[in-house]
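Next up is a structure, given as structure tokens.
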Amino acid sequence: MKTHPMKLVTVVCEALARVPLLQLLKSHGVHGYTLFPVEGTGARGERPADIEEFANIQVEVIVPAAVADALVEKLHRDFLPQFAAIVYVTAVEVLRPEKF
Amino acid sequence: MKTHPMKLVTVVCEALARVPLLQLLKSHGVHGYTLFPVEGTGARGERPADIEEFANIQVEVIVPAAVADALVEKLHRDFLPQFAAIVYVTAVEVLRPEKF
Amino acid sequence: MKTHPMKLVTVVCEALARVPLLQLLKSHGVHGYTLFPVEGTGARGERPADIEEFANIQVEVIVPAAVADALVEKLHRDFLPQFAAIVYVTAVEVLRPEKF
Amino acid sequence: MDWWEGVLANLASPPIVFFALGVLSVLLRTDLRLPEPVYTALATYLLMAIGFKGGVALAESGWSQVWRPGLAAVLLGCCIPLWCYPVLRRLVRLSPVDAAAVAAHYGSVSAVTFVAAVNYLNELRVPYEPHASAFLAVMESPAIVVGVLLGRLTQPQAAAEGGLPWRQVLHEALLGRSVFLLLGALAAGAICGARGEEATRGFFVAPFQGVLTLFLFEMGMVAARRLGELRRVGLRLIAFGLVMPMVHGAVGVVAGHFAGLSPGGAFLMGVLAASASYIAAPAAMRLSLPQANPTLYLTAVLAVTFPFNVTLGLPLYYQLARWWLGGLP
Amino acid sequence: MDWWEGVLANLASPPIVFFALGVLSVLLRTDLRLPEPVYTALATYLLMAIGFKGGVALAESGWSQVWRPGLAAVLLGCCIPLWCYPVLRRLVRLSPVDAAAVAAHYGSVSAVTFVAAVNYLNELRVPYEPHASAFLAVMESPAIVVGVLLGRLTQPQAAAEGGLPWRQVLHEALLGRSVFLLLGALAAGAICGARGEEATRGFFVAPFQGVLTLFLFEMGMVAARRLGELRRVGLRLIAFGLVMPMVHGAVGVVAGHFAGLSPGGAFLMGVLAASASYIAAPAAMRLSLPQANPTLYLTAVLAVTFPFNVTLGLPLYYQLARWWLGGLP
Amino acid sequence: MDWWEGVLANLASPPIVFFALGVLSVLLRTDLRLPEPVYTALATYLLMAIGFKGGVALAESGWSQVWRPGLAAVLLGCCIPLWCYPVLRRLVRLSPVDAAAVAAHYGSVSAVTFVAAVNYLNELRVPYEPHASAFLAVMESPAIVVGVLLGRLTQPQAAAEGGLPWRQVLHEALLGRSVFLLLGALAAGAICGARGEEATRGFFVAPFQGVLTLFLFEMGMVAARRLGELRRVGLRLIAFGLVMPMVHGAVGVVAGHFAGLSPGGAFLMGVLAASASYIAAPAAMRLSLPQANPTLYLTAVLAVTFPFNVTLGLPLYYQLARWWLGGLP
């Protein structure tokens, strides 16, 4: 089965950043995303999942490499300075590349 | 520490496809899986996590490369045409390869 | 945008191992982690998410390659013999490498 | 009480006001959200409570009074998809498999609409057969089976090309979570009897209307989140989702009357006929007729028919029962 | 009843005892945890219940009695941040943007503290204006708007450098989830009236104090999880979080009295002024003044002011009202 | 009432009927599922309610009446693992560490079984010591400590090879979530007294039996999901899980009687002895004796002993108390 290389961009951030993050993704032409409710600890303290607003979310989007570059650039400039978040990119292989 | 290359096959799909998906995995001799309740948006609309049946799940299985190929083939043929889903494959390194 | 290679170490284990696992991570100088409540099936039976104590968690940490090696070694020696768990490592690219 | 008074009384009842509030909260993008486990817990509670109370009543009234209206409910469930299908094919211009799937939804029933109707009668102090939830229980599955049959007959390759084998279709239709829970709670009520009801009154009876209010608040959000899809389903299907419930409501009231029910009971039968399933049927269709487009049926049922029924529909069907059968305040 | 008796009565009431138990469970690392959906469900219930009951009362008492204390509440909300800001700048030595954010929190209100205060009055059988939750509803937003204004005026580049545009700031302040839910439930109560209250009494009234008890148990854990951050915020901010509520409590009691409230109502106004927001304000600040450090405001509000208010604060503000206004047991 | 009548009365009570329904829903693969947060919320509620009511009673009855049966409970908890261990080694043929782990479970207690027993007495209007939940609270930990001791003594290298240090074992045993919650709620009840109980009656008392019913419905599903593991544990362990509770039930009734309890209280002591822990003990064993196989103890406790106790066990232990001690209806 032929698979096609794509980039999986992952953002872990405070749940309050949900709306701005999804808007940012949309404005970059991302066609879909998957969102996980998570708990976490990082440089900016613990985020126990006891109150939704103060917990974390993880958002994953699969995009072509070129889009990934632009998206990461944008996240670095406009998202990371404001919110408790980390961003990373993984190489994946997808079926049906036309979807992404 | 010696680690061993394996494939992580990820399926994000509507929660209603849970039983058929797990059956398909089982019939391919997959020894284990991990399942996440998720929210998502894609070509087939938003899937907010408000009613369990209409939300998404993400299922991850770690398998040897050969099994991954067969599994992806099967998913492509029998699963993707019927359900709102995406499938992708990531290269990972595991401990204790005999488990997978 | 320049990204930097790191390792994502993933542990899927029984929820009861939460405290020992987080202690182990902390003692290895891990600066942050992300934790998902998950369901799963593996060699040691099904872990449906019906009672929190008997469900699974997935913990992900991003660390430099050297730390990943030491961590995996430690997990192999002290964690895997005692708990129902799997461990795997993925190559990722991060922004702001000084955080990890 | 005329229709307009009935509408106002219904619109000013806590469950409906909070339903509207839920809709509004989505329209205003307030970020309110009730997590999925809360939805599941509330839905489970409502089905358990209504089934249990129905079962206690069933054990007291005995089978002799139940089989005729029960049979009427099953027949209604089987027949509604049969006439919805041609309407959906010709007037709404859906593909065969989409028409079959939508038809199944309108033949099946919505437990929450039924609960709101029972509540409406209680508010007006109108008597009705207390075992009426048994009709709800038996009316959920037949239309699903008929719908799958329609879909597979009209598109024979569909059955081959995916979709569950028949054994599993029946399992899905007869043992879906809501059908099982309702039938199970009915049986539990019949077993435990009045004494069991007495013991659990503080949980299943006293807070019931309040829980329904909270649940309809959540349903308002659920429905409103699908409003955006309205433009994808077309005006014809929207019209179907408004007109057919009225037709079915009328048919149901008449059927209930001829099956021997009191005016209150006939009203409930009308509500069941008018209501459309949004849990059991979508789940079954997704697995049994996967080629059908879920946006069509989910949107029609959740964003059109359900809101219509709980706000304007209930008083309308009540008036029908009042005009035709009399004896209602 | 003197102050000490009042403290003991409050400390021995189920909500406060369970609050302490929640704190203890975190300190002893017992691994107790109530999942987030439970928190959301309980918080929604409390806001719905209190808003609904207030709305029913509002419809009965009429607007004429409400506008004066309502206006007082809004004015208090606007002014508190104005005097907190210089205190936070000079005495607590926060940066301008941090001072603005913290000031917004202390001008806004905590619904749970208010609910605990109402409970306290009910326990003592003290009468109060039953529509008082309307003041809670209108007092949540103004301080948030003023706080953002302060932050952006004092650091003009902040507005440019991120943070929402003003339209969204207002949306966040006026349609945050708790403001919307409270206002909505007030409207619902006003629409449904006494009859609607009667119907939902078994859910919104009978179990209310017990639900509050369970919720405060969870709040004890939530607060205690932030205790570890206390050393990050500095003694000065901790002192602020203890002293300012007392000042505001006194101001609020007086304001309530001059706005025409009964002694019970004036006490509630004092509690509102003294309380600090831990949901609406943090959410709004995070999005509107993202440069402000959330550890500062969250810790001060959750780990200092909230526990102080529900344990020692309530009896204190009650004594103030009793000494100054009389007529209280 | 003879044994068979007692069985029927128990089997027809709402909690047990819904327990059976939960089991059935898993056997029929209905896809019903109550999410984990609902489980946690219900379990927390039940422990809080029972502990709180017990604490109120404790404050009234005073320590003098409590210490003898309390001591009996602790002693029973310590001794049961001592005789279970050789039985599990020789007759069931488990390895030393597995035998120790299973023994700990049967010495510890199940709060839900206890609650069902209290409910059973209430249904029959049999009086019992209202502070009996104190015995539940003190009987949870001792067996866990003894079990870990047994496991580590018989396999000295086990302690070295992993497993927590003793300080943490004790923390786990004495401050596990259910022990802490029960003891805390007992203390809360003792502090708040009758007045606090009055205030929270609408939450902790009125809906209690209904909540128990919903919880046992979920427990039915939880237990049934482990039925598949039965073939992994062997017939001998299954027999152990059926026979030992009867032995312990008899011992507990006698011990309760000699410790000065009323027949109703002695029955409850019998139930405690007969019950086996499925939360506190598994969690503690997993961390303290990680070499033990969790499938063995979880399956025996959840899929064998728990269902047996709540269905047939309760009426059986009741009959024992009735025959031996008299004075029961």
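Observations on the structure shown:
Letters A, B, C, D, E and F mark the chains in the order given here, with residues in each chain numbered from 1 onward.
Here is the rule we use: a contact is a pair of C-beta atoms (placed from the backbone, for glycine too) under 8 Å apart; a residue touches a chain by one contact, two chains touch by 3 or more.
All figures in this text were calculated on a predicted structure; none of them were measured in a lab.
Chain centre most remote from that of subunit B: E (centre = mean of CA atoms). More inter-chain C-beta contacts link the pair D-F than the other of C-F and D-F. Of all chains, the one whose Cα centroid sits at the greatest distance from that of subunit A is F.
At the interface between subunit A and subunit B, two copies of one sequence, fewer than half of the residue numbers in use appear on both sides, so the contact is built from largely different positions.
Centroids built from CA atoms put subunit E at 46 Å from subunit B.
For the pair subunit D and subunit E, the distance between C-alpha centroids works out to 41 Å.
Residue positions of subunit B touching 2 or more other chains, listed in rising order: 19, 36-37, 52, 90-91. Contact with two or more other chains is made by residues 31, 33-37, 40-41, 206-207 of subunit E.
Against subunit C, in their complex, subunit F makes its touches with residues 33-36, 39-40, 161-164, 218, 221-222, 225, 229, 279, 282-283, 286-287, 290-291, 294-295, 298. Chain contact summary for the complex, subunit E toward subunit F: residues 12-14, 17-18, 21, 24-25, 28-38, 41, 123, 205-211, 213-214, 217. Those residues of subunit A that touch subunit E in the shared complex are 14, 16-17, 20, 37, 44-46, 48-55, 78, 81-83. Partner subunit C is touched in their complex by these residues of subunit A: 10, 12, 36, 38-43, 56, 58, 69, 72-73, 75-76, 80, 86-91. Taken in their complex, subunit E has these residues touching subunit D: 35-37, 40-41, 44-45, 48, 52, 171, 175-177, 180-181, 184-185, 187-188, 191-193, 196, 199-204, 206-207.
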